[in-house]
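The following blocks contain the structures, represented as structure tokens.
Okay, so chain A shows up in both of these, paired with chain B first and chain C after.
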Partner chain A sequence: MRLDSLKPLSLACAVAAGTLVTSVQAAEEYKLGLVTFLSGAASGPFGIPAKNAADLVIDAINDGTLPAPISGKGIDGRQIKPIYVDEAGGATKQTAEYRNLVDREGVDSIVGYISSGDCLAIPPVAEELKTLTVLFDCGTPRVFEEGDYKYVFRSHSTASMDNIAAARYINETVDSLKSISGINQNYSWGHDSWRDFTETLKVLRSGDIEITTEQFPKLFAGQYGAEISALMVKPADVVHTSFWGGDTDALVLQAAARGLLEDNQMIFTAGETALNSLGEHLPDGVIIGARGPFGPFAPESELNTWFQSEFTKRFGTPPTYPAYHMAQAVIGLKLAYDKAGADATTEQVIDAFEYMEFEGPGGKVSMNRGKGHQAATEMVYGRLTRSNGEIGFTDVRRYAADCVNPPEGAITEEWIKAGMPGAKCD
Partner chain B sequence: MTRHVGRAELSLCSLLRAFGAKVWDVVMTQLLAIIIDGVVYASWLFIIAAGLTLIYGVMRILNMAHGSFYAIGAYAGAGMVGWYFSTGSVPWLSFAVLIGAALIAGLFIGLLIERGLLRFMYGRNEVVMILVTYAILLILEDAIKLIWGVEPYFAYQPYSLLGRTKLAGLSFANYDFMLIVVSTLIGLALWYGLNRTRNGKLLRVVIHDREIAQALGINVSRIFTITFLIGAGLGALAGALTAPGLSVVPGIGIEVIVLAFAVVVIGGLGSVSGALVGALIVGLARAAAVHLYPEVELFVIYAVMGLVLAIRPQGLFAVASARKI
Partner chain C sequence: MQTKSILLLIGGALGLFVLGLLVPEWLSYLMIIAMGKGIVVLGVVLLMRAGLVSFGQGLYYCIGAYVAGTLTQFAGISDVLLILLASIAASVLVAALVGLLLCRYRGIFFAMFSMAFSMILYGLLVRSSVLGSTDGFNVLRPSLLGWVPSDDASSDLVLAVAVVMVMILGSLMWLYFRSLSGYAGEAVRENEIRVEYLGTSVFRIIYTKYLIAAALAGIGGTVTALVSGHVDPEMAYWTTSGEFVFIALMGGTSHVAAPMVGAGLFELLRTYAFAIAPYTWQMILGSTLLLIIIFLPSGLWSLVSRFSRQARG
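Now for the complex of A and B:
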């Protein structure tokens, strides 16, 4: 036999051996697709803190160093290998990216999505490809109100909670409340937030509330001079905004320079991300929310202390709520695998995840909405105050999950208009 | 009885008069707000659009990368202002740092693009040039992320440094009034440069007919370079002047370029005075919508653009010209 004739055989053996090695390595890895904004306007305030949180928590899970009671290394005994995808580009691109993650990368599951548009587009694809998916930050309540998904979970509350709690907070704490105005972004997030806020107030005050003006500037408009003037021309007792990210920063800077924040009672339902960078521009008394019990509102626990200190040490800035959301999603996924037991199938993990209760860095998470696929958590608001230059909060009020989240099976808008029956606020 | 009726009429009259005065005050306050907000917004738009329309007027390049010049100016200005304040230096000089950093960055990148790429493409079809500048925009967007990362940059100190002024009960940031002054100065400088200087007259010859200008011995290539640098500098300056009022994040250049195109199209592509009028129309229309009918705030800009194009397809100030074959 000539040596040359052996070459194809050797090559085949080498390829087979290589494939074997790769498949053994693959068997030891848990491939986790992570989708978050790595570019565009949402990357700085949202996408990157979320990625940082994922890196931190994944490293801790792989090393087995997360605080008790979370134990064991990796997920299902396998080291997590994160595969990051940029969320920028819109829903059509994201559905293609999702297919790539599943079909080409062979991920075991996916954690991702900040944009509500993406969160509405992805679940049907997840169902088709039968891939476990955890939505980690988007706010639209429509995901599980309009759909019924087996493979999709969301490990944080919807935006409805933010605005129902905001209405309750100002109704309880603002003296002689008679009028409100709002500035919200001109897309579903802004419109839904304003609707939930105003409708809840109408219910709480039996319709006795006047809306002086409602402004809906374009997303990422950046220039709010005319809107600020409009809010000044038609003053109200409370100005509501659900602005997020860079838009919050721009509104804070421009409103502060014109005295709107000093002369009016403002409530920022998602204002917590501006605290680290622009806290000095926020006057005492402004009401701040963090889309859940996160950041300065996170309850004391070993896990939260670990998360805050390690995040700050590694990235030089405290974690904001998008980071908490990501940490909560990854930890929830690991705990679902732990609960399902070793070598569990995806279906067994789904069974374990449904109606699961777990402790995240922001406290208790109950997966008890959306047929066990949608989380409900408590919501917190507080008024900013300063002591020796340090930002703190006063008049902090915590609202139980069952007080500010619609019950299982309810459509948010209808539930609010019906007077929020069954809400447990004591 | 008569006396009682008389008193009642009198108090009703005073009530109506007081009510009328209050309504009048609100109307006048709103009108003042619309005018000021509209002019401030128009000033901001004009600084962005002036560079865009100048480049098109002279070079016939619809420069998609103009948004990147804006973003680079914002990043350079914000980065340098942040550093400047960290040194504890005199706050007032931060304006010079803001503008200087943006102009240096804008001129450098403008020179790099014009000499390194565009000069090899002159004379190509306008559509090809749009694609070329779009490619530059995408490259620069990634280059910005490589240089400055994706974390937000802040340069808010100059915004509050000038304080605020109260007019008819409304507070306005003096920084916004400064924008009006700066855009007026830019408009005057452009008008003077184009109409009263030798180089400006040469430039107008190139705008009128590039081939004849070349035949007359005008160094068209040099004029192209200078024009592109002025355009890039104006784009960067606009970004720098915007930076103190917001957080500078990736993608900010993309957001403004669409608005700038609307302004330039309304005024007429290539016309600096058209850009000024276009900016004023868009600014005032938007401010009026925000105050009177907020639901149509975004629609009104493009409605105005559609209306102008329906009546004058070449824009308000562009002169219709026969196509050369």
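Now for the complex of A and C:
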């Protein structure tokens, strides 16, 4: 009976051997594993725009049509062949899929991961399998604060930056600020965002800030009637939320109907993804962030103009920040290879990538945190305004990378509580 | 007869271990995950044989995993034997308390209550920022009796642990299924009142099975955590428990090897569904389960029993 249980496994071996043969890659191909949400609640607002951006940028790199100074066709002269994997299913499944990409598909490198849990689970596996990996969208600062990784890079800033900048923005622009309240999703992202935001405000105002209420509804709850009531019963000068995706849409619709948006100054740290779909429901004056200098906040450059227009032309909507994050990661990877020179080994590419500075579609990216593996960028907030029905932004403030990101080696939470020593603001 | 079966078992274990070393790394990883889940499903099957469907084995799966995580990450204990003992102890302890309430219920009430308890753990873990909230935290590499394996050998150690666990627990459960207490489960499923008339306590029968299932789930969780290197509250979420029921239905409940085969096929099916249909892999899994339920209502293992009956007759 024991032997019977081996049958399926030996069958599996045969299947595996079959795939191994087929996965012996042609030398002129650069296999790039791309992991993003293709199903589930995070696929619509994040996963699919990111995948679209990857398709666009990869095609442009393969054809060599990216604007100067990026040059050359493909990565290391090889045409990129993307292999997509759905990020759904949790960290255990994703570590399995990561191994599949490396061992079975034989990818050269992997760009991926939106969920912070996945971003924490993947790096040890990347180190074990010695595969270059670029994390493209997750927010937790813990990745490089809790570990040192050689093969893992993250080409965008942590979520802490959003909330430190948010606190600075409202502290500077809201008159007679006395109280705040918050509505955040009940999971790591929501709790961390709220903590970074409130702690920074306490430091900036030497404790002179009152928190009237903090609401933590369930992730993907969809119904926020009770929380909106609580926010209206205990009014505050500013209402903070780090909602993203469908939850933002639901909150905006329900809050708009109840008048919360008109009566209260709200700040959406990741609200930019809702602009295209729900802009009409957002009143003037709402403060919007885009997880970095992306979307409407991206600085003018040839690359950004190209990205905006080509993306809009091909997919029908302008690119949101997850698309920018993905484009930034793939372009960063390509530039690291270019910098390392032809036929570079993975180790040489890593050397080139460490502490690299490059211009992405969202402006300057400096890989100068986490021992050269974690990017720091500027952060931008602005107030929504309309002119002739077109959505625009006023009172746009840009915060330099060193103003809103903790310095190299600092633990974000401790750094904020210590009064943000060494922060360089303009 | 006895020595023959033992030799067969040891041979099977060695064969499985060597197979795990020979196949490509992704497949051996998949094997270990499948064995970890198979052990949990063994407990689900045990309860199913007594007519109880647990939608809450994720509770003990998660406890086992978090015990492995906290011991290696925060307590500096990395010995795999200690970790296993600790997770069995923790799971059984919680099960002893929860079981007092749970084992009074049957049918949908048992399913819902078991799910509720695992969701309570999920809620607690989401709230605890020390344990990384929903992001979870990483599990460090295990050691064995002072031997700290190198990076490459570490997964081999977990493979060996998984194989040994599957073989030992599988044989113990095989013996248990054939014991009086094992058959009592089916008796309870058929007619509780008659079992009580025979002078046995139905509560005690079910309680024992519940404790065993919890210990199995704890061990399965530990094995999974050690090989994947990461734990998060998702392991206590009801969909994880649902997956175990899914595998149990796929494999069937008539033999201890059925959950292992079910888990192995489930993982293979899922990874290939992922590769073939990145957008619609759930549909492949769902339709497979539908086909199995329609054509093989007693699970995949019924194929094996059908063939062996044909061979005999």
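Going forward, the second predicted complex is superposed on the first by the 401 of 426 C-alpha atoms of A that agree within 3 Å, B and C clash if a C-alpha of one lies under 4 Å from a C-alpha of the other, contacts with A are read in each partner's own complex, and residues count from 1 in each chain.
Operating definition for what follows: a residue touches a chain if its C-beta (ideal position, glycine included) is under 8 Å from a C-beta of that chain, and two chains touch if they have at least 3 such contacts.
None of these values were measured; they are calculated from a predicted model.
Engineer: With the two complexes superposed on chain A, say which partner A:E227 touches: chain B (first), chain C (second), both, or neither.
Structural biologist: first
Engineer: For A:S39 in the superposed arrangement: first (chain B), second (chain C), both or neither?
Structural biologist: both
Engineer: Quick one: is A:G90 in contact with chain B, with chain C, with both, or with neither? Answer first, second, both or neither.
Structural biologist: Touch partner of A:G90: chain C, not chain B.
Engineer: Between chain B and chain C, whom does A:E378 touch in the aligned arrangement: first, second, both, or neither?
Structural biologist: Neither partner.
Engineer: After superposition on the shared chain, which partner residues are touched by A:A121: those of chain B (first), chain C (second), both, or neither?
Structural biologist: It touches chain C, and chain B stays clear.
Engineer: Given the touch rule stated above, what does A:N186 touch, chain B (first), chain C (second), both, or neither?
Structural biologist: Both: A:N186 reaches chain B and chain C.
Engineer: Output the chain A positions appearing in both contact lists, the one against chain B and the one against chain C.
Structural biologist: Touching chain B in the first complex and chain C in the second, residues 38-39, 186 of chain A appear in both lists.
Engineer: Give the list of chain B residues in touch with chain A in this complex.
Structural biologist: 26, 29-30, 33-34, 36-38, 40-41, 44, 141, 145, 150-152, 154, 156, 159-160, 164, 169-173, 175-176, 242, 244-247, 249-252, 255-256, 286-287, 290-291, 294-295, 297-298
Engineer: Which residues, counting only chain A, touch chain C once they are in their complex?
Structural biologist: 1-6, 8-10, 12-13, 15-16, 20, 38-39, 84-86, 90-93, 95-97, 99-100, 102-105, 116-117, 120-121, 124-125, 128-129, 140, 142, 146-147, 186-189, 191-192, 219
Engineer: Using the touch definition from the top, list the residues of chain A that touch chain B in their complex.
Structural biologist: Counting only chain A, the residues touching chain B are 38-41, 43-45, 47-48, 186, 213-218, 220-223, 225-227, 229-230, 232-233, 245-246, 249-250, 253-254, 256-260, 263, 277-278, 281.
Engineer: Once bound in the complex, which stretches of chain C touch chain A?
Structural biologist: 8-9, 11-12, 15-16, 19, 22-27, 29-31, 33, 126-127, 129, 132-138, 151, 224, 228-230, 232, 234-235, 255, 257, 260-261, 264-265, 267-268, 270-272, 274-275, 278-282, 304
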